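Heads up, there are several structures right after this.
What follows is a pair of complexes built around subunit A, which joins subunit B in one and subunit C in the other.
This part shows the complex of A and B:
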């Protein structure tokens, strides 16, 4: 593989990193210049970064190369990674778009937030294309560090700094576990490259000592990754950090990093780790069911919207893990369809959080009861909230139902009947807190008439597009389902090629 | 030539919804008129379908086949036979009446209100015409969204929130079990096409489990005895038109599902569980009839009497012979007319006096005779008076059950006596007696609009009571087709 091809293969990441450096220089020079009156560059940089993401999206989706290993097999480029990268870039662009006005209103005038966001995206992009244990760890660390800082961005707020600190301590601990797992694998096998590892594991090492070692290592890796996914035994950070971090950061947390971790898990699962992970299938299943239960029952009592969304995110993560624990192609397919649709719902629900505020005091939504009888003042927003939350609850014919339907199909297919029944019944209970929000928006009687600020242009476009998508998904669901199926098929085929040629 | 007749029927109300988007909220008359015109077009179009329908075959007609999720072997497959066509007609018949009846009583968010009704109409048509289990499930459950919003937003009291939750969660918890059962069928047969699945014979043990899962969903929707709690609440709290749709059509989704899926797909399961259904239904008939006697809310009385009538329907369905099945379908249709009409009558009273408690109304026959005639007529129809369509249905049902189980017939027949008791007592308490002006001093007679709403229902009740052949003709072939599978 010539160096030139490698450069082309990794062009998006290289482009992003170099652009970030330019943006930093631009920001530093401009914000400190006295004859420009020390401008606040947050919005400016947001728009610039949107442009960057636009070009980045083009570069990833139109990359001429299909299956390439680059830089001494450190990184891989295939259809799977390009697809997930495109999704991540689009989602990041959406979160930047919905957070345009937020920084202005909350007086977070640090242009670094955008730079950090882009750096976190770089980390996630690298994570998706990592093909080596070391690069996996480094990429995860890159994104986590940026997220720690982003959580503590609002440095005058106690909540925010607390969130940042909590996230840092717990995140560092889980990264330690992950690193320990990775180094155990290296210790037992002497292999860092995932392809080699796949070949090594597929000839089933007869040495029990090695197998036990790898089992142990994969347990540590799993714990580390489940932590990043906020699945149940390792979920404790999620509600506090969702609540404490600035809402823009939370919107990013809720949607983007998880898909990166899931992509990594998929890569592990398709590479030889499959058998090894399979011995931890119970762990997956237990974690999934506990996540669903905790997400459901934890959210029932929440009074704050962000905490509610945090618990619902835990619940949704449980659903995705159900797909994973089935251990089949359809399961992972269902998981990815689920996460794509879930990301849309998460982004649009955070758009509501960021966009709705009261006219008089410019206070933002904090409590559920702030939404009371929203339909009188903003009927269209109320209607979109209803659609989005019905969709999250999984009521047909909205998109959320289909994502759940595919998961149930897979669960039944892999004869996990008990689990399917538990999950289905819990999903009914979880409906309760979603429709409670709708109840607040539509039904409650309130003597307080709260005039709200209109949604600005970007947010209303975002809300209308995504809501229409959620409603109309049922009519023509094939594009998303197929594109996910295709890329997952490609990853299978590529591994096959790797092994047999 | 007849390829897209049914989907046009589904699309007409949706066009109405789309058009309503562009009418300004303030222009109330335009909103109402658009909704009414579109629902009427749908109604006349469905009559047209009935004329084109071929009664001499049990085949599904007007079938349409759309590739939808073909990698999962799921298709959007719709078509009607005699049974589903009648339910579609009932739906399209009742929705214009609902729209007309809420002409002056609904004052807030008109656009949303009428859009929900039109939306619900097309969803209901989809439910009754879907020939794919998943498609059926999707529409069966999507009705929850507009109905929940109608109950909660336009309901009358603060208790509506509880009612909305109950309605939503009860229905959902049953139907998710049905969803799992559908997936089990899907993996056993490789398809969810109704016609293919109905030719498949499941093992006995499978049938019992699948039947139970389907039954959970339908029994809650019907509602049968232990699962009926949501119904009186939802009825009482919903606006009048909401109650009409709820009693008139939504309950029929449950019995239709029992007939179309539980009985036709799992005959062994149905036979196995017939005693259970009989017991639940008989208890429902007797218990709810007695409960009716001690209610003080007008709507609750009608709601409980609906439960009793639905008990009759389920008894008839599980008689598993042609009289029983046809009788129960006739009861379903006539209950669609009669209970809707009674809810509309109560709506008339409520709109004027804003109370539904019996205590405040006595002797109204002396001041509003026209209303009283209507109310009395529909009460008579409710108790199954000969000459009304209910009588035909109840008679056929009892004949059918008599063939299979005499003691159940005896117990169910006591329900008719109790029905007479509560209907007559209700009439007695409201219409007759000494007129008190203590609480309500001013009564107004029903106006022309309300008259126009009630007259079609009177006509249907009488017409199908005298000449039920019109319904039965469309039914014979389809019902026989279902019975041959047993």
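This part shows the complex of A and C:
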């Protein structure tokens, strides 16, 4: 393959990396110039990065190449990766949009936050199209370094520094485990390429020593990846970091990196290691059930909204892992439908956290009891909060119900009855704390009339669009389901391609 | 002889690694860390990867460990009393660690020897099979470690090189973001303005 084709295949990432250099130069020169009186560039760079993300989205979705390997088989471009990339770019644009005013209020003036966000997106995009163990590791490191720094961004706050340090230490540990697993695979097989690994495992499953070694290695890899997904028992960092990090960063944490890691896990579990999937299945199931239980019962006791959302994220990750553990095409299909809808709900719920300010004191929503001011002050926001949290709880006509229903159907189809029953019961319990939020908003109304800062245009458009989507999903759910079906089919087809060529 | 050296370096590095964690004085543990790096680079020389060995010495010992030592000496750290905490957590740590070690050892009965797998391994055309007369001395390639690195790192694996560069850029940005205080109220000397000043024109008399 000629080099030019590779450049076209990876054009979005190359574009992103090179534009980041220009943005850094622009930011450094402008913020330090005394002629311009040391301007604060966060807002400006946010809009610039939105433009960059717009072009990036165009380049990703209109790439003339649909299936190719690039740079000496280190990267892969297929329909799956370009679909996930498009979702990530859109979600990142949403998180930047909702963080515009927050940076202003909280005086986060470092323009590097936006640059680091873009660099993290670069890492995630490269992670999704990685096809080699070393490039996977490098991409994970790239994105997680950016996330460590983003978590510690608000350096005057002790919580933020603590969150950054905690995330860094635990994340470095999990990266070490991941790297150990990858090196064990190289040690046992001499293979770095995922496609080669698939071929190797499909033709020689009888060499017991090698298979044992690969099982051990995949255990390490799985621990590393489940840590990044904040699934139980590797979840301990999640609530503290959700709480401590600046809320814009938390919004990014909650929505974007997880789908990247999940896409990587799909490549591992359904391509590279598909032939030893049975040894992974138990781990997935155990981790999923523990995540759902802990996400449910941990969230019951929480008083702070961000911690509540963190525990709910752990619980949702458990649901996604249930779909993952089925080991069939329908399973990952349900998982990806779930994560797309979950990302929407996460983004809207963080929009509420970022956008609702009391006018006098400029205090945001911290505790659950702060929600009681909403019905009188802004009934429309209260209504959309109700819709989003009903959807998270999985109440029938809303989108969250369908994503959960697909998962239950898949779990029952692959005869995981006990798991399905446990999950349904815990899902009922988890309704309690979602509906408690709605009860606080509508029925515990305090008779204080607190004026709120008006929600700005970008946030209100986003809230209304996504809430309408969540409500109307029942009427016309097919676009998301079909597109996920289309792209995931390619993963399965890739297996056959690799096997028969 | 090689086995003796291997045992010497590896056992010493294990012991030093243990001492890094357990020694009370942080300066001692940094010095033990330096010793660990020395032993590991000895192991690497035994493996025949002398470039990595020197990289270990130059980067880790020369730069990082010395930096650690410098920082540790700058801070006034009181030597804490760990004993009670260690004895509280020691038993469960030993049980878990031993259990995991046994499991790993069960798997590692075989040696870590890579199986070279390529689906077309037997079909590849090789010059050796086609030419009956082979000029062996042209085929014996004596290239150094660093040449091997350079020949693949800048060609086949240039992607890794670039991404490592981006990661270093991230770390640089992060260090600047987290530590640099941009304050306007600090008065700085502008050296070029000072040099440019003509002392005859600095004091100006006006009529008012």
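FYI, the second predicted complex is superposed on the first by the 495 of 501 C-alpha atoms of A that agree within 3 Å, B and C clash if a C-alpha of one lies under 4 Å from a C-alpha of the other, contacts with A are read in each partner's own complex, and residues count from 1 in each chain.
The rule is short, and it goes like this: a contact is a pair of C-beta atoms (placed from the backbone, for glycine too) under 8 Å apart; a residue touches a chain by one contact, two chains touch by 3 or more.
Bear in mind that the values here come from a model prediction, so they are computed numbers and not experimental data.
*Asks:* In the superposed model built on subunit A, check whether subunit B and subunit C fit or clash.
*Replies:* They fit side by side.
*Asks:* With both complexes superposed on chain A, which partner does A:134 reach: first (subunit B), second (subunit C), both or neither?
*Replies:* second
*Asks:* Examine A:300 and indicate which partner it touches, taking first as subunit B and second as subunit C; both and neither are also allowed.
*Replies:* After superposition on chain A, A:300 lies in contact with neither partner.
*Asks:* Does subunit B (first) or subunit C (second) touch A:7, or do both, or does neither?
*Replies:* In the superposed model, A:7 contacts neither subunit B nor subunit C.
*Asks:* Applying the touch criterion given at the start, work out whether A:328 contacts subunit B, subunit C, both or neither, answering first, second, both or neither.
*Replies:* A:328: touches no partner chain.
*Asks:* If we overlay the two complexes on their shared chain A, which of subunit B and subunit C does A:401 touch? Say first, second, both or neither.
*Replies:* first
*Asks:* Taking the superposition on A as described, I'd like to know which of subunit B and subunit C A:435 touches: first, second, both or neither.
*Replies:* So A:435 only meets subunit B here.
*Asks:* Of the partners subunit B and subunit C, which touch A:485 in the superposed model: first, second, both, neither?
*Replies:* A:485: touches subunit B, not subunit C.
*Asks:* Quick one: name whichever of subunit B and subunit C touches more residues of subunit A.
*Replies:* Greater contact footprint in residues on subunit A: C.
*Asks:* Minimum CA distance, subunit B versus subunit C, superposed model, integer angstrom?
*Replies:* In this superposition, no C-alpha atom of subunit B lies closer than 38 Å to one of subunit C.
*Asks:* Taking the two structures together, which residues of subunit A meet both subunit B and subunit C?
*Replies:* After superposing on chain A, no subunit A residue contacts both subunit B and subunit C.
*Asks:* Which residues of subunit A touch subunit C in their complex?
*Replies:* Of all residues in subunit A, those touching subunit C are 17, 24, 31, 38, 71-72, 74-75, 110, 112-113, 115-116, 119, 122, 126, 134-135, 138-139, 141-142, 145-146, 148-149, 152-153, 155, 164, 184, 186-191, 196, 199-200, 204, 209-210, 212-213, 215-216.
*Asks:* Which bits of subunit B are touching subunit A when the two form their complex?
*Replies:* For subunit B paired with subunit A, touching residues are 68-69, 71-72, 109, 112, 134, 137-139, 141-142, 144-145, 148-149, 152-153, 155, 158, 160-161, 164-165, 168-169, 172-173, 176-177, 179-180, 183-184, 186-187.
*Asks:* Under the stated contact criterion, what part of subunit A meets subunit B in this complex?
*Replies:* Contacts found on subunit A: 375, 379, 383, 386, 390, 395-397, 401, 405, 408-409, 412-413, 417, 420-421, 424-425, 427-428, 431-432, 435, 438-439, 442-445, 474, 477-478, 481-482, 485.
*Asks:* Within their complex, state which residues of subunit C touch subunit A.
*Replies:* Listed in rising order, the residues of subunit C that touch subunit A are 103-104, 106-110, 112, 114-119, 156-160, 162-164, 166-167, 169-171, 173-174, 176-178, 182, 184.
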